[in-house]
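Worksheet: the structure to be examined is printed underneath.
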Amino acid sequence: MSQNLPALLVVVPLLLAPLAALSGRAKIAWGIATAACWWTLYAAISLLLRVQESGVIRYSLGGWEPPYGIEYRIDLASAFVALIVAAIGAVTIPYAGTSIAKEVSEDRAPLFYTAWILMLAGLLGIAITGDVFNVFVFLEISSLSAYSMIALGQDRRALTSTFQYLIMGSVGATFIVIGIGLMYVMTGTLNMVDLAERLPMVESNRTIPVAFTFLTVGITLKLALFPLHLWLPNAYTYAPSAVTAFMASTSTKVSVYLLLRFFFTIFGEVFSFEQMRLNMVLMPLALIAILAISLVAIYEVNVKRMLAFSSVAQIGYMVLGISFGTVLGVTAGIIHLFNHALMKGALFMAMGCVMYRIGSVQLDKMAGLGKAMPWTMAAFVGAGLSLIGVPLTVGFVSKWYLVQAALAEGQWFVAGVVMVGSLMALIYIWKVVEVAYFQEPDPDHEIIEAPLSMLIPTWVLVIASFWFGIDATTTATVATQAAETLLGAMP
Amino acid sequence: MISPTEVVDIVLLILLAVTGVAVIRTRNLFAAVMLAGIYSLVSAGLFVVMDAVDVAFTEAAVGAGISTVLMLGTLALVGYQEHEPRHTPLLPLFVVVLTGGILVYGTTDMPPFGHPENPAHQHVAPHYLEESEHEVGHIPNVVTSVLASYRGYDTMGETAVVFTAMVGVLLLLSRGPLPRRVHHNGRWITVRPGTTREELEARMLAESGDEPEPVDGEGARG
Amino acid sequence: MIALGLFNYWAVIVLMMVGFYTLIARGNLVKKLIGLNIFQTSVILMYVSFGKVEGGTAPILIEAAEHGAEAAEPILYSNPIPHVLMLTAIVVGVATLALGLSLVVRIKEAFGTVEEDEIQSASL
Amino acid sequence: MSEGWIIGLTVLLPVIGAMAVLLLRNAPNAREAATLVAGGATFWNVWGLLRLVQDGARPRLDLLEVVPGVHLAFEVEPLGMVFALVASFLWPVTSLYAIGYMRGHHEENQTRFYFFFAIAIAGALGVAFSANLFTLFVFYEFLTFCTFPLVTHHQTEEAKRSGRIYLGILLTTSVGLQLVAIIGTWVLAGTLDFRTGGILAGTASTGLLSGILVLYVYGVGKAALMPFHRWLPAAMVAPTPVSALLHAVAVVKAGVFTVLKIAVYVFGIDLLQTLATTSWLAWAAAATIILGSLVAFQKDNLKARLAYSTISQLSYIVLGAMLANDLGIIGGGMHIAMHAFGKITLFFAAGAIMVAAHEKKISRMHGLGRTMPFTFGAFFVGSLSIIGLPPAGGSWSKWFLGMGTLEADQYGLLAVLMLSSLLGLYYLIEVPVKAFFFAPPEDAHHGEGIKEAPLPSLIAIGITATATVAFFVWPDLWYDLMTMVVGGAP
Amino acid sequence: MDDRVILRVGAKILIPFILIFALYVQFHGDYGPGGGFQAGVIFAAAFVLYALVFGLGNAIKVLPPKAAYFCGAFGVLLFVGVGYASMALGGEFLNYSVLAHDPTHGQHYGIIGVELGVLITVFGVMVALFYAFAGRRRLDR
């Protein structure tokens, strides 16, 4: 089994998905989904360990040698991202068991969990594949399942926001397909490594820069980089709580990974940054995302929506890191992938708990929740501190690397913007804290603490966001090595 | 010198353009759907001209067949008429022209259409054409051997996508018992399935005279 | 067909942009999906154009016996890879379309309209 | 037990105390006893460490590596010892005071108060013992957050507003400026450890280093250099023991301590002297000294007046650091201790007046000295120390600061120190003088039922007032420690 | 209903031929254009035709929605199952060569298996989609 582990990481969920669909009972389907999530966590951890030990793992699907067949190619970056996805899946699925039972009708639950497993499989497939067209296929699996889950939100606006997401997501995917086609026509191959070898021969050609442009635009649509982020706030706001937590922590992360993969592995940093001057585009956009979108978040009164805008701003941080094009910058980007997954997951899950009990996440409805739901709000504050970037939380580690990357390049202004961004996070997190702790609750409503099955997963992420903030050596080492691999500084 | 196939190619392309523009212009959605079907059919023809018989077959079955049926089914539910656009289409026009312009710029360095020496035809494809007979066995249709074996994993993904679509559509559209319409005090009230009698009575008491909000079909067929 | 030069690509690009325009400029959700459909079909057209080989034939191997007289010269086949990719893309396209249409149906039920601006004013 | 773990225990003891407080929340007497015991134990530990430091040892505790190359670590050196001594000694004293105050004032949520109080002390000790900039920053921020519930203790609208200002300014400066400077230091020097002689020398152009110095000095918002001083008066909405400990000792001293520490161990005195912005910053501190005094002058609310006096006095220490010579550093370091004891006496007295007579305004305290002679007597002693007059400890630190300005040939700054003392003479001495010698306002009822504050509070006031005088006679402890900091023999 | 007689008779005659054509497309996929996907669509088209002519109710009797749904899931299982089978026999996932002694035979079996999976899924999904859309009635009527 062990030599087939790369394939099993993805195909076990793919086997379990139809089984969940056929199970017909919500509980059984949930059990199957849990099995799928935990299996992938196990597999992702073993793969990461194995990659650390013995380098890149290559696995030829169907036994066909690349570039003739499709291969899975797992280096540190992909193993790390796969681990993020799997870990978040494993933590959110117990949570989903309770929250979905309330938000989605029982007879739809089996289908819901099927979509959940499919999304997991799709994201993992993107993370470890070594074939560009295979990326597209798995991107569509994850996108379609995401659409169907978001549309299940209780507010009718869930439908329109899903439609908006579907349109923008499909445009993004089509752009990616166009880019892949243009690369193919100039090189005759779809394998990433093969492409990386053959692209330099035709780089001076006009077609490749255009392919690069289309891929970049397509992927940035998927990862919701400003100004292509319009779908994200709506989708995150109206989706069922568990879905928001799962998606916010995984799907944009995988898109960021794709960006890394295309920029560094396939096109190479020399082409991406010296010839295409990528940083000239990405850096301003990232900075605007950090400042402008954080400002929007400050004025938002729906807390889920506030957090969604904050996600757009945080994506700005990741892209900012990447836009330096240095090992330090990419390390910052990768480590923030992980860190942001932990803290935003926890924040959205805390809001899910609030939703579960009071049916709303409007700021004015949350008065006095600090007393009524102490554990939930403590989780919110804990993860919020991380978002602000208080030391000994993961958010600080991200900022540490990001600012370091900026200063190493002499970009003091950029470092300043990063800090201003985290202060803006302070403002919007603190708005919630003040309402929850400084206002008296509505005495008419008896509000009790969220159920343990939701609190425990939330707290797992909160504790993790402190744990990996206090001891960030592991994550930082992996991220640095991954960045070095991507930039080719290491064999 | 222009060969007959090239003439066909050009004619079909022009036909497609005309159909496309007609789709934009018409406000009748039924016509638009039909034109989209025709668009698929014509492009299927074009695929045949360009030797992509499998693609043509699929496009005809899906684009002209299934897609049209689904769209007509939708139209039956949502109505046939499109409203006048209310904003000036300047921004979309700009985006489209920019995108198209960049693409055209990208093609200017491309090898000419159909040239056998194109890099795309030099690297992996010849391996399939030459070796599939030994490697996969006697399957003359190379598309099939690539689809099902060399890139079988993509096809598995594709099957999963289809399955995902079904999961999604059923999540959205399936419903068990339809909402009932109950006559009360001279008005019709829509009652969601699963409403208990007590809830219903309480609601009737509370009802002030507004038509209830549109009902969401909860419950699934399974 | 070499005589066509790049004309074929350009024509395909124009078609793509027709679809793309319908997709982003129109407010009717069904019309948007039709636009998406045209957009994707045109991308398929682009790929298939990439696979075309002048003087070639469909990538279905011809037995030497059938081939007969011309055996001396190798037969040219069109490139099968774009075809394979596009079979997948068509399927993905119809899957997206189905999901989009079912959303449209639900939106109509929830908002009473499928026009974007009316939905916006309804959800305020 | 190894020396390193004594440090760990010292920082941990207040936390253990806090836990005990939480556990004993239903038994007020036991709860307060726990605070006092923990306070005493902590001070005992610090005293033990002091012995080691005086013998030239530098106990060290490496906790863990947070990101590669950056450790969470403690190391005790003389400057940190000064701060730790002040904080750990004044914690039990303040607790004693708080017992009287909180009960006398019928405050709510007393458990939360004692809990965060203890936690804040842990933060202050962490700042004092930090072995590198990172650890210092961690505890610096920790201190900000765990004092927030104390500042907003009353949970009123006003408390909420003040809390916003408090958190806003402290975090804006620390994250926006200080952290950038720290990471800049890391990028330039490749280390964040505090080392005698500094780590930044020769790593970059003096222009860049001058810029980093500015980021540091303004980035330490807790030092309350204008214009980042607004948080301090805002935080005065807190109960008086909080104001006393946190805003005369722990929080503000953490700020100026950080400035001193950065000056000595990150830049080094030699490097500081070459930087263009040093004297400029010294003048910024001088401006704060004067402006703070002038504002204090106009405040009728006693706590507000004390707050602005604190702002002014803190800049003495910043000024001492920016003089960039041994005398300035020694004076600054000693002023940490002298000001702490003096100012806490003043706050204690202000609180005592509030508990006993329910008066906040100075103009309404006329004649009150006759009913509360002990309190106003202590206030007088504290004032002397702040102004820098014998027989109070403050005179020594001011003396060294003055000498420092002369050594730096900054006669203008010396004039500033003089002027500020004159202003202080007026705005501080005014209070006891009017209390003793002026007739009470007509609608006041000072005679009826008002007596001195509760006994625990009085004991606390007595201790700090006595210490203030004692340090005039025996300033050696502080002087010796600070001499070690600048490299002299103990 | 009389005017539909021709339609009904026509459909009755046509549907078997469509089904046979679908099978042809399925199994001739190795030699000419066609394969599981196209065949699945054609199969589904036969059903759609039946439903349109004889009514949704009758179609549901012939093929209940649950069955269509089952097909949609089962095809995926079959496809993935072939992959697992090749794994179990010591090859990589979807390496059909190990399915028989002779690699090309194995490839052949594998391709038949996965094409069948595609057929079943596509057929099931298409019919399920049709049912879902057709079963949804306009509420405002």
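All chains are identified by letter, namely A, B, C, D and E, in their written order; residue positions are counted from 1 within each chain.
Here is the rule we use: a residue touches a chain if its C-beta (ideal position, glycine included) is under 8 Å from a C-beta of that chain, and two chains touch if they have at least 3 such contacts.
Predicted model, so just to flag it, every value in this text is computed and none were measured.
> Comparing centres built from CA atoms, which chain ends up most distant from subunit C?
D
> Would you identify the chain whose Cα-based centre sits farthest away from the centre of subunit E?
Using the mean of the C-alpha atoms as each chain's centre, the farthest one from subunit E is D.
> Taking each chain's centre as the average of its Cα atoms, which chain lies closest to the overall Cα centroid?
A
> Please tell me whether A-D or C-E has the greater number of C-beta pairs in contact.
The comparison resolves to A-D.
> On a C-alpha centroid basis, what's the spacing between subunit A and subunit B, in Å?
28
> In whole angstrom, what separates the CA-based centres of subunit C and subunit D?
One centre to the other, that is 72 Å.
> I'd like to verify one number: the distance from the centre of subunit B to the centre of subunit E, where each centre is the average of its C-alpha atoms, in whole angstrom.
Result: the chain centres lie 19 Å from each other.
> Would you kindly tell me how far, in whole Å, the mean C-alpha position of subunit E lies from that of subunit D?
Inter-chain centre distance comes to 79 Å.
> By the touch rule stated above, which residues of subunit C touch at least two different other chains?
Answer for subunit C, listing residues that touch two or more other chains: 20, 24, 50, 58, 60, 81-82, 85, 87-88, 91-92, 95-96, 98-99, 101-106, 109-112.
> Spell out, as numbers or ranges, the residues of subunit A touching 2 or more other chains.
In subunit A, residues 14, 17-18, 21, 61-62, 64, 133, 137, 140, 144, 147-148, 151, 156, 178, 184-185, 190 touch at least two other chains, as defined above.
> By residue number and range, which residues of subunit D touch two or more other chains?
Expected reply: no residues.
> What are the touching chain pairs in this one?
Between chains, contact exists in these pairs: A-B, A-C, A-D, A-E, B-C, B-E, C-E.
> Which residues of subunit A touch subunit E in their complex?
Interface residues on subunit A, with respect to subunit E: 4, 7-8, 11, 14-15, 17-19, 21-22, 59-64.
> In their shared complex, at which residues does subunit C touch subunit A?
Within the complex, subunit C contacts subunit A at residues 20, 23-24, 29, 32, 36, 39-40, 43, 46-47, 50, 81-82, 85, 88-89, 92, 95-96, 99-100, 103-104, 106-107, 110-111, 119, 123.
> Which positions of subunit B touch subunit A when the two form their complex?
Contacts found on subunit B: 102-103, 105-111, 118-125, 127-128, 149-154, 156-158, 160-161, 163-165, 167-172, 174, 176, 216, 218-220, 222.
> Using the touch rule from the top, collect the residues of subunit E that touch subunit C in their complex.
Interface residues on the subunit E side: 31-33, 37, 122, 129, 132-133, 136, 139-140.
> Which bits of subunit C are touching subunit B when the two form their complex?
Those in contact with subunit B are residues 1-22, 24-28, 30-31, 33-35, 37-38, 41-42, 44-45, 48-63, 76-88, 90-99, 101-106, 108-112, 114-115, 117-118.
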